Each structure stands twice: as C-alpha cells, then as structure tokens.
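All chains are identified by letter, namely A, B and C, in their written order; residue positions are counted from 1 within each chain.
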Amino acid sequence: MNRDYWTIFFAAQLCALLCSVLGVYLNMRRQSMLVDVLSHSALPGVVLAYVIFAGYSAIGVSLGAALCAFVSVLAIEKLGSSRGRIKPDASMAVIFTSMFALGMLLIAYFAERTHIDVQCALFGELLFSPFWGDLSFGGLLIPTVLARLLVAGVVVFGVLRLVHGRLLAASFWGEGAALMGISPRGMTHVLAFLASLTVMVSFELVGVVLVIALFSIPPAFGRLWASSWRGMMIGAAVFAFVSTALGLAAGWWSGLNLGGTIASSQLLLFLASFVVHKLRYRLRRPVEALHGG
Amino acid sequence: MKIEDQEVLHVHNLSVAYGKTPVLWSVDFKLPSGTFVGIVGPNGAGKSTLLKACVGLMKPAQGYVGFFGDKSLASVRSRVAYLPQRESVDWNFPISVREVVAMGLLARHDKVPARDEVAEIDRCLAAVSLGKYADRQISDLSGGQQQRVFIARALAQNADLFFLDEPFAAVDVATEKMISGVLKDLVAQGKTVIAVMHDLFSVFENVDRLILLNNRLVAVGPKSEVFKPEYLQAAYGGQLEMLSKVMHLFAQSGAK
Amino acid sequence: MFADLDTSWYAIAGAVLVSSVAALIGSFLILQRRSLLVDMLGHSVFPGVIMGFLFAGWQRSAGWFFLGALLAIAIGFALFTWLAADPKVGDDAATAIALSGMFAFGTVLLSRIQQSAMGAQAGLNTFLTGQAALISKTDVLIFASLLVVISALFYFNRTRFKIWAFDENFAAVTGFKTRKLEISLYVVVAITVFFAVQAVGVVLASALFVLAPLSVLLWVRRFETLLWVSVVVSALGAFGGARWSAADERMPAGAAVITLLFLFFLVSWFFSPAGYFKSSRLRRRTRKTRLTEDLLKSWYYFYESTGSPEGFSVAWIQALTRIHLEDRSVRPEKMRSLLRPWVQHIDDNGFALSAAGRERAEALVRRHRLWETYLVEKMGFSPDHVHDDAERVEHFIGEDLEFRIEAEVDRDVDPHGKPIPGRRPVGGGGSP
C-alpha cells in the first residue's frame, strides 16, 4: 500500500472518528437530524462565499457555511418549541428547506460565478483526496486532506474537553442543569458549531448526505449495546473504525464510490447487530427475564 | 342500567416488560363494581403501565385482563373509558372543547353525533363546569380545565369502568375538588373508577379501595385495611419523607 | 407569451396539483410530529430512481421507474418504522439512519452504473432540483385523479382521521379501526413523495408538505379548516412559483414555489393571531410583572426573618431566591432593572426599597397568605396543599378581591403560622 492509500485510510478513519464522537452527543440529546439541517442550511453561505470571494476559497466557503448553519440553528430554536403550535421537527423542516431554496435561488442568479461540483458535494471524492495537494510543516509533507482533518480534530476534541461535563449534564438533566448555570441551548450551539466544522471538512470526502450516516449509525450501535455513556462512546468509536475499514476494503476491491461503501457497510453492520439485539429478547423467554433479572 | 355486584375487573397474573426491563410482574387482583380505586406507588412502579395493559395499549408478556365477569376487552369496549396523562395529547391541536367531548359520543354510538346530541355534550360540559368554554380552543385552557375536558369526554362515553392516569396532577385545588366530586357521583351510580394517583392525601380523601404497587402487587383491598404503615413502607421502600407525611396524616386522623 | 403559456400549462397545473395533495397530507404530518418523514422518504427514493434507470432507460414515465421508486420508499419506511419502534434507537436516530442508509445504497448503485453517464446525470438533476417543466399531460391527469381520490378519502373519513390525529390512544382504546387509517395515509404519503420529489427535488419536497399547513395552523381554529385552507394556500404558492419560473428561465420551479410559500410563512409567523407580534408581547409583559412581584415578595421574606429592611446584596438574594422564583435563570442585571421602579437605591452591594416598594411587597405577601388561609379555613384544604396554588393565584388578586377575602377570613395568621401583614383588624368593616 503506497502513501496515497494510507492517506485515504487515515482520512476516512479520522473523519469517521470525529463524526462518531460528536454523533454520540447528538444521539444522547435526540438531535441526530441536526446534521441534516446543518448540511442543507449551509448552501446559501457557500454560494455567497463564491460570490464574495470571486471563486473557490476554502476559508470563505467554510466561514459562509458555518455562519449560515449557525443562523439556521438560532432560527429553529426561535421558531419552534415543544409547547407551541410549531413543534421542533416542523421548525427544522421549514428552516433547512427554505435555506436550501435560498441557496438554489442564489445559484440561479449568480450562476456565472458559482461552480459547485454537485457530484462531489453529494457523494464526496474520498478516492481523489490524496491529490488535493500537500502542505509542508517545516519540511514534513502532509496531505492537505489530513491536515484539515487534524486541525478540525484538535479543535473538536479541545472544545469537548472543556465542555464535556456540562454537555453531559445538559443532555441528561435538561432543566435541572439550568440551575447550575448550564444552558441546554448554549450546549446545542456548541455542538452545532463543532458539527458544522466537522461536516465542512467531511462532506468533500463522503458527501453531505452520507456524512449523516457517519454521525448517526455508530452512536446508535453504541447505544444499543452500552449501558453507560463511556461504553457508548467506546462502542461507537470501535464500530466506526471497524466498519470504515471494511467499507474501504469493499470499495477498493469493487471500485465503487468509497463514501457509499463505507456508509453502506456501517448500515449493514448496524442492522446485523440490531437483529441480534432483537433476537436476544425473543430467545430468552420474557418470564425468565423477569424472574432472572 | 344496573350493574350487578360482580367483579368488574380481574387482572390475571399480569407481567409486562419494556424490552428486557420488567415493569410489572405477576400482578393479580379482582375489583368489585361501584368503588373508587386508587393505584399508588413510587415512581417507576408500573402504575401507568398497569392501566395501559388493562386497556390494551400495551401487550403483556404474560397474563391477561378480564372485564365484567372475565370478558375480553374487545367485547366490552364501549363500557370502558381511559383518560391518559395530560402530556400525552398535543394541546395545540386546532380543535374546540366541544369537538373533544363529541369524540366521547362518537365512541359511544360509533357514528358522528347528530344534532340532537348537542344537548348531551352540553350536559357533560356542565357537569365539569366548562359550559362557557364549549367553543374555545383547547390551547386556551389551563391545566385544570384540560383535565376537566378529558373527564367530560369520558362522561360522554357513558362507560361503566373508568381508568384515569394521574387525574389530579398539576391541577389547581378548585378543579381537584370538582373532579373528585364528579368521580364520586359516578361511583354512587354504581360505576367503577380506577385512578393512578401520586398524592397520598388525595388518596386518603377520595378512594374506597387501594392498590399498592411497586412493580409487584404489594397490597389490594379496602382503604382501611391497606392504608397501613407496613404496607406503605413495603411499597415506598426507603422514601422516608413520604412516610413521615403519612405518619402526620395518621396522627391527624387518629384525633378524629 | 401565450405560446409559452401553452407549453408550460402542464407544468403549472402539475405543480399546483402536487402541492395541493402534499399540503393535505402535510397537515397530518405536522400535527403528529412527523415533519421530517418526507425528508427521509425522499432520500430513500434515490436507490429506487437508480434501479428505475437500470430497468427503464431514461423514460421517466415508464412503469418500472415508478415501481422501483415506490419499492424504495416502502423499504425506507419499513426500515424507519422497524428501528424507531425500539426504545433504544428512537425516532430521530431512526430517521437519520434510514435516510442516509438508503442514500448510501443509492450511491453505491450509481457508481456501479456510472458508465452510462448521461442517463445517470439526468436522473441526478431531477432528484436534486426537480423537473417540473417536463410534466406531461398524462402526469397532470394522474395528479388530478390522485387529488380527487385522496380528498375523498379524507373528506368521508374526516372525523375519524381527526380523532386519530388528535389522540391515538383514545382511538385505539375505543376501538376505532386505526390500522386502516394509518395504512391508507402512508400509502398516500409514499405516492405523493414520489411525485413531489420529481416536481421540486428531494430536499424541497419536505417543504411542499409542511410549509403551507404550518402557516395556516397559525391562523385557524379547526382541523377541517386547516386541511382545506392549506390546500388553497399551497396551490396558490405553486401557481405563483411555477409562473415565476416559467417567466424567468434561470429560476428552478421548486425553489420559486418554496420561496413564495416561505414568505407567506414568515408573514404568518409575525402577524397571525398566534404569531410573534400578537402573542409574545402579551406574554413578555405578564412575565415581567410576575417576576417583579416575586422579587418583591422575596425581599419581604428576608425582611421578615432578619428584621433589617436594607443592605441585601443582589447576588445573595439571587442565590436564595432560586427557591422562590419560577424563572431560575434571572441574571443580576435583569433583577436590577425590574426592581428599579420600587427601590430607593440599588447597586452591587444591595438595594433598599422605597416606601412604595415596601407597600407593594407587603400587599403581595398579604394576598398570598390571605388566599392560603381562605383555602384552609373555608374550603377545607390541608395546609400542605395550598402554597403552590397561592403562588399562582396571588398575582391575580386585585384590591377588590382582597377586601372580599379578608371579610371572609377571620384569622390574622396564615396556616403556617406566619402573620398576615397589614390586614385590617379581624371583625372590622370589610367594604372598600
């Protein structure tokens, strides 16, 4: 395996790790669909970045996407509440579709200046990522894709270290956490920021939709088999590693889109484990379970 | 219709589980008609689950429930009413108080209420003092009024057996008194009311019979026999605060 | 211009009809918290689209295409339902997993047939942006019949659908045949999703179902009104959007329709009776008053227990009033601004109430304790029961009511033994 293969391997694994770890927090807070919202809402920001920076600029696009995603999250919170007429899921649906429509409007009117590679945005081009170039760090040549992921990883894990305790409290205690000065909303904002960052460095690898799989499937596996948040985190990370490796292998062997094979292998492995989970209760007669504990 | 003094509910060895977590096991008891029964127990004791299993909303892992002389629920549905916890309904739904009560009539006759049945709806609303609110949106109501709407709907069903899940939860005192009065009227007519309750004082004031639950059946029987320290302790375990309140109650009632 | 109108007549009619059906269904979805279902089903359709191309080439209207897509939707829906039913998975995770999982299969399939680049590309664009412009006469007829059938279904069963939508448990316990209703609804959803995705693309399809009903919900009081007005609103939005798109060739029809519907939503959100301007202003004012009153009461309790009317630091009060205040996250700055009208001076070290402030605080506590006494003495409640009720009711007792209660109550300590401040002497005249 030459350098390019290792680049792809590490890029995929880093990406999967980041997504699964953040995904655990989102899953605990029942916000797995936030990633869908973030990725779709970012479109207007991306287009505006193209317009303002007159072409593709990594920083511009990232900033535009992040800003848009953040504004969307604020709008969703303002619009919907469990106790109002507009429920949270409805407000999410309204905002992300309207933002996406706005993005499409902008693309239509600024067509000359925006050259968004739809194929790449939807499906990613993990296979070509080594060819994005290299960055040099004092003589050491690191593929751009890995550098980006590493930077994102440092930021994400750095912030998580700081807020982890409060994040857990806000997830489990909700209003009780407010007494301690932790705002569940603030935690949502932090998560949304970290998730946006991760989506931005990931979507060119696996595509905007498949990144949802990386965020939601490993944590679901973790939740199925773990009884503590620690177990969930470890389970999700291990699952992400194994399924990504298998998906990569399958993709290399068959020549199919790597993002697709990774996400598909995650789904298949998860479904297999779900079937086992269901069978556990069928095979063990409920009455025995009751008396045996 | 006079209901003979028969057993109106017989729960046979009922066990219910959520996945692999047991919530109720081997619960078995009979209840006669014409009583107000309270189901009490600590959080997680399976009280709501017991109600849901009785009305068929949850499938038991083991056991079954018999009604009006051991008949199945399917054959006596029109005689059974269930009032869930208030949170289980979306109170922002665009519907008026009158329409909600009309649902009870629909359940009773299995067809859309005719014009002359408007009087029946008004009667049920009057019984819970919501006559003036008939055409209001349910989103305009306070918690106590919402609970009364549920009661009015159940009255419209004209059932013989009522299951209520926490009817007095987060309800103002005037409403509590009124609902309590309505329920006692029902019992006086020979119907049966089974209510999950969390406030031991309300229980003490209202019920005739008591079921103590803590995932298992701790005790069942007339209030005077069951409302005793040893049973309450078995049900509530080490929840001393609860016990001390009960001691206070006894001290008070002992003086009467 | 009329020549244009002729060829785009079908597009406009098709868009209007699809929007109408979608809005009809969307009313149910939003009330049952299933707004993201369409997003999930829309993405699920992707592998079906690819399979359809494999079998039918790129004749969109071929039967294989339709079948493949419906099958994919059915599989996606089954997957979602199966996962969501398990409490260890949950609705949100199940939606995300089904959505992305099915799309992953589609991705794999697509990369398999990437050789026929042309066919795949056309399919992709349809999938993303819709191709309302290519709606044919046959399609319009299909949509029209769909609308008629679905409307009839809902109309003739409207009461049962309403009961099921409002209170599923009630429907189940009283023996309504909810199974048939659910199945018919989801079959209708599946078919409509298929057409909606073709019309406006996968992402915007959700909006077609949800935007109009959500806007209308803010205006109406009855469920039936919601259903039919949503249809009208959605149809108008689709008409406008399709015309806009026909006039401006850069505009994709889907984005145009959604933009118009979103603008109506914004207007509704701000200006409707249930909207921002009408409701929250009132709510904010009421909340402010209650908060101020609770703060004043807290001052009184401290004054009572310590005897000193001055010098409490705001931070100290904040820490200890967490027990008394409903809104526990009130910050010191907010407290200061709320108390300002009632204080002589206020700074970081503490505050001192003015005479008016003290009177007000005393009145509030008096009303609270009078109400408690009334409940216990006259209504027979036990002392443990009455505090929470009094916390709520005290804000609504005005002077008149206070006099009347005072006349009824002939004690001057409350049920907890605390004196009722400033009450008129027992047995004295009760009229204002």
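Throughout what follows, a contact is a pair of C-beta atoms (placed from the backbone, for glycine too) under 8 Å apart; a residue touches a chain by one contact, two chains touch by 3 or more.
Because the structure is a prediction, the values reported are computed rather than measured.
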Chain-chain pair with the highest tally of contacting C-beta pairs: A-C
Of all other chains, the one whose Cα centre sits farthest from chain B: A
Cα-centroid distance, chain B relative to chain C, in whole angstrom: 30
Averaged-CA centre spacing for the pair chain B and chain A, given as whole angstrom: 45
Length of the line joining the C-alpha centres of chain A and chain C, rounded to whole Å: 25
In chain B, residues with contacts to at least two other chains: 19
Junction residues of chain A - those touching two or more other chains: 85
Sequence positions of chain C contacting 2 or more other chains: 86, 88, 217
Of chain C, residues touching chain B in the complex: 31, 86-88, 159, 162-163, 165-167, 169-170, 172-176, 217, 220-223, 225-226, 375, 379, 381-382, 384-386, 389, 392
Contacting residues of chain B [partner chain C, same complex]: 18-19, 55-57, 74, 77-78, 80-82, 84, 88-90, 93-96, 99-100, 103, 106-107, 112, 137, 153, 157, 172-174, 177, 201, 245
In the complex with chain C, residue positions of chain A that touch it: 27, 30-33, 35-36, 40, 79, 85-87, 89-90, 92-94, 96-98, 100-102, 104-105, 108-109, 111, 118-119, 122-123, 178-179, 181, 183, 207, 209-210, 212-213, 215-217, 219-220, 223-224, 255-257, 259-261, 263-264, 266-267, 270, 274, 277-278
Complex contacts: residues of chain C adjacent to chain A: 30, 33-36, 38-39, 43, 83, 86, 88-93, 95-97, 99-101, 103-108, 110-112, 124, 128-129, 203-204, 206-207, 210-211, 214, 217-218, 250-252, 254-255, 258-259, 262, 265, 269, 274, 322, 328-329
